[in-house]
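Would you mind keeping the following structure in view while I ask a few things?
The letters A, B, C, D, E and F name the chains in turn, as written, and every chain counts its residues from 1.
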């Protein structure tokens, strides 16, 4: 694992960990997702599913490096109600990533960009910053997004 | 409400009752659905939703005659964890319904049929019967369904 | 119903028609949605639901003017497998709508705009046009969208 | 509207407002939900749906008093990308609500209780408090919940 | 595979088998799930998905030991309408499990418990027993659950 | 890969590629699915999910031969907004497939059939043909399907 995470790379030592939850208070789910990010999960998401006897449930998914398996299990077993988890080996292909600044009417704002084989293919305003501007200046969030995107496009 | 429920009719005195559940053990849902049918609900179904703070939840829906509102509320308030329900007035348009028998290799089986303006538009094998035949004769359920449907078509 | 549909207005004579489908080949759904648009539905969408005995189903929703109720019912009863539908009265508040042209590197393209109380609040490239440009010029669809949006912003 | 919101009551002047979103960045959804609560929505939730041409979308639902319709519309039209909304009249039946304190190993914690026809039918630990205790004391959230529930039960 | 299934263990010889169903009567799904459990599946669940041309479908998931692959395939190919299945190798980490009895006002009831690294982390009332008590004594299912949980907590 | 794709076979060199999309216009999804089929994907489907901070998103899934990985990545990185994808090795078990003709009142129509271990287990009318007949003859799509299925059954 000597790659620079800012460069485009493939990481073959990832796990996709899953747990089906059908007897847990769903109110706890976002709290548990945050705890999983804290122990190092690369991504966490839940999928609505239908389980045994037609019960609505959610499947918790955690994408994480193999070396963090037991840390993730620690959170899942202590915070959820599951009696077991499963995992599969996965490879992650991540684009080269960088941050750019653009000048907007509300000051400098950040755009996260992604490169595939050296070519810029993604650019996205930073959610947290846009949210803060929207609140501070009482403008719709979409207006902030659009201005940041337009200003970035005009530079590229 | 003098209509014959076997004839095609519109019933304008229905309610669609809804309750959002985000802090309840989902394991209980199918049990609660059964209880709602017992007190007279015409239909009960649940919809996966995303609630406040991004929590996964389910919306319970009960379609029922207005006069049964308090019976349905009694079940919902005692069996779920909700602090409130909402309801909207609804009209139900139901087809004329009848049951037909068809001869199959496993004996006489029932087909539920529906008529719109006097014309046969729906026919469906009875699930419970087909399920029982499938189990008893060790044939795939879909094979039973297909034979019942084919035999019905040949008669009509 | 003397309002001009291009002006912002509230239409109080709408129906939301729903049918739960648990015994129908889901392959037919998009075909049926198209037929419902053909008879005049304003909107059609489906919701994944869990029905009686935990069965996965879909709820078909049709938003339509009251005067078109029987036309919509005709399609639902002949094309789906349902034995009944329900409907609720609804009001629709629609923004004033207009179409604008913007000059792009691929020629003039259309932007659909929406006004709330006289103020421009929405603008969206026309999907069909962008899709055609993306195919013809072998550019990513998102690149076409972004250019159209940017060009529109620079004009406003 | 002279009822005391802490007593059990039925409020017949509610609206269920819906907007289907198929061309909006879903990243904005939780931000928009928060804004809707800020202007007075009683509940806000989203439902995954399938729209025209098979597009995945979300249906935004806002339950709100009739008198707040235009405030809610203001948020929806300025913050989402929709060109229209619909609404239906709804009645809400809300239980009598109260807050109780229970002594736990982490101090006094709050339980929200609900009464239907004078009988206690619901009780739920306050999420925010439990979350804070879980973080502060490094105990699983479910352990906090369970203790609060048990202590409440022993008192009742 | 010499491990005792009551002890905590990791089983590396599992398969996650998936089949996408878009042209099948969804009414059959729970019947098929039961059949899959009968031939030895460890878990079965379905996920609502959107397939080719925007069709709503369900993805059937079966978690099973590798040696049972052909038995599971036999059920899927004979009972569903799919022309193919896929599978991925998976590892299952299962907690040590045990059953405890607690004294309640309705007699002795069972709690299923789970241990991670020797520490009790899960406990759940047995659904079937609680359901039977709820029916027999005409008490809400949630009341039975809560009493069982509380009694278990007081013992531990 | 010397197997004849018309014979029943297991293909062990497949990948299941996944990308979570939470900041993309969902209007683009079906366009992107079509592009993925064009570069050789065996199957493409999307799953509604809940992502970080409770955001509604969709997970794009592509089932494809290993040798087509970079072609699929090319489409995903250029057409979606994701900064990374993941993939897992998968095996596909595909039934032997064949096409049969049946005589109907609208002429000869095609049935796709599947064989498991030499035994016919699946048969399905070709959607595209049935759709065309339904439109041309103004008959419900389900009527066309049923006739094709019945005619096929009578021959077998």
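In the analysis below, contacts are C-beta pairs under 8 Å (C-beta built on N, C-alpha and C of every residue); 3 or more make two chains touch, one makes a residue touch a chain.
Quantities reported herein were computed from a predicted structural model and do not represent experimental measurements.
Peer 1: What chains touch chain A and also chain D?
Peer 2: Joint contacts, listed by label: B, C, E, F.
Peer 1: If you tally the C-beta contacts, which comes out ahead, B-E or A-E?
Peer 2: If we tally the C-beta pairs in contact for B-E and A-E, the bigger total goes to A-E.
Peer 1: Between chain A and chain F, what is the separation of their C-alpha centroids in Å?
Peer 2: 28
Peer 1: Please report how many Å separate the Cα centroid of chain A from that of chain B, as a whole number.
Peer 2: Going by mean C-alpha positions, chain A sits 39 Å from chain B.
Peer 1: Which chain B residues reach two or more other chains?
Peer 2: Residues 23-25, 27, 29-30, 46-48, 50, 53-58, 78, 81, 88-89, 127 of chain B each touch two or more of the other chains.
Peer 1: Show which residues of chain E lie in contact with chain D when the two form their complex.
Peer 2: Checking each residue of chain E against chain D gives 50, 53-56, 146-147, 149-150, 153-154.
Peer 1: Any idea which chain B residues touch chain C in the complex?
Peer 2: Against chain C, chain B makes touches at 14, 16, 29-30, 33, 37, 43-48, 58, 61, 63, 88-95, 97, 112, 114, 116, 121-122, 124, 127.
Peer 1: Once bound in the complex, which stretches of chain B touch chain D?
Peer 2: 20, 23, 47-54, 57, 59, 73-74, 77-78, 81-89
Peer 1: Flag every residue of chain D that touches chain A in the complex, lowest number first.
Peer 2: Counting only chain D, the residues touching chain A are 24-25, 27-28, 31-32, 48, 78-81, 127, 131, 134, 140-142, 145.
Peer 1: Please output the residues of chain A touching chain B within their complex, sorted ascending.
Peer 2: Spelled out, the residues of chain A in touch with chain B are 22-27, 29-30, 46, 48, 53-58.
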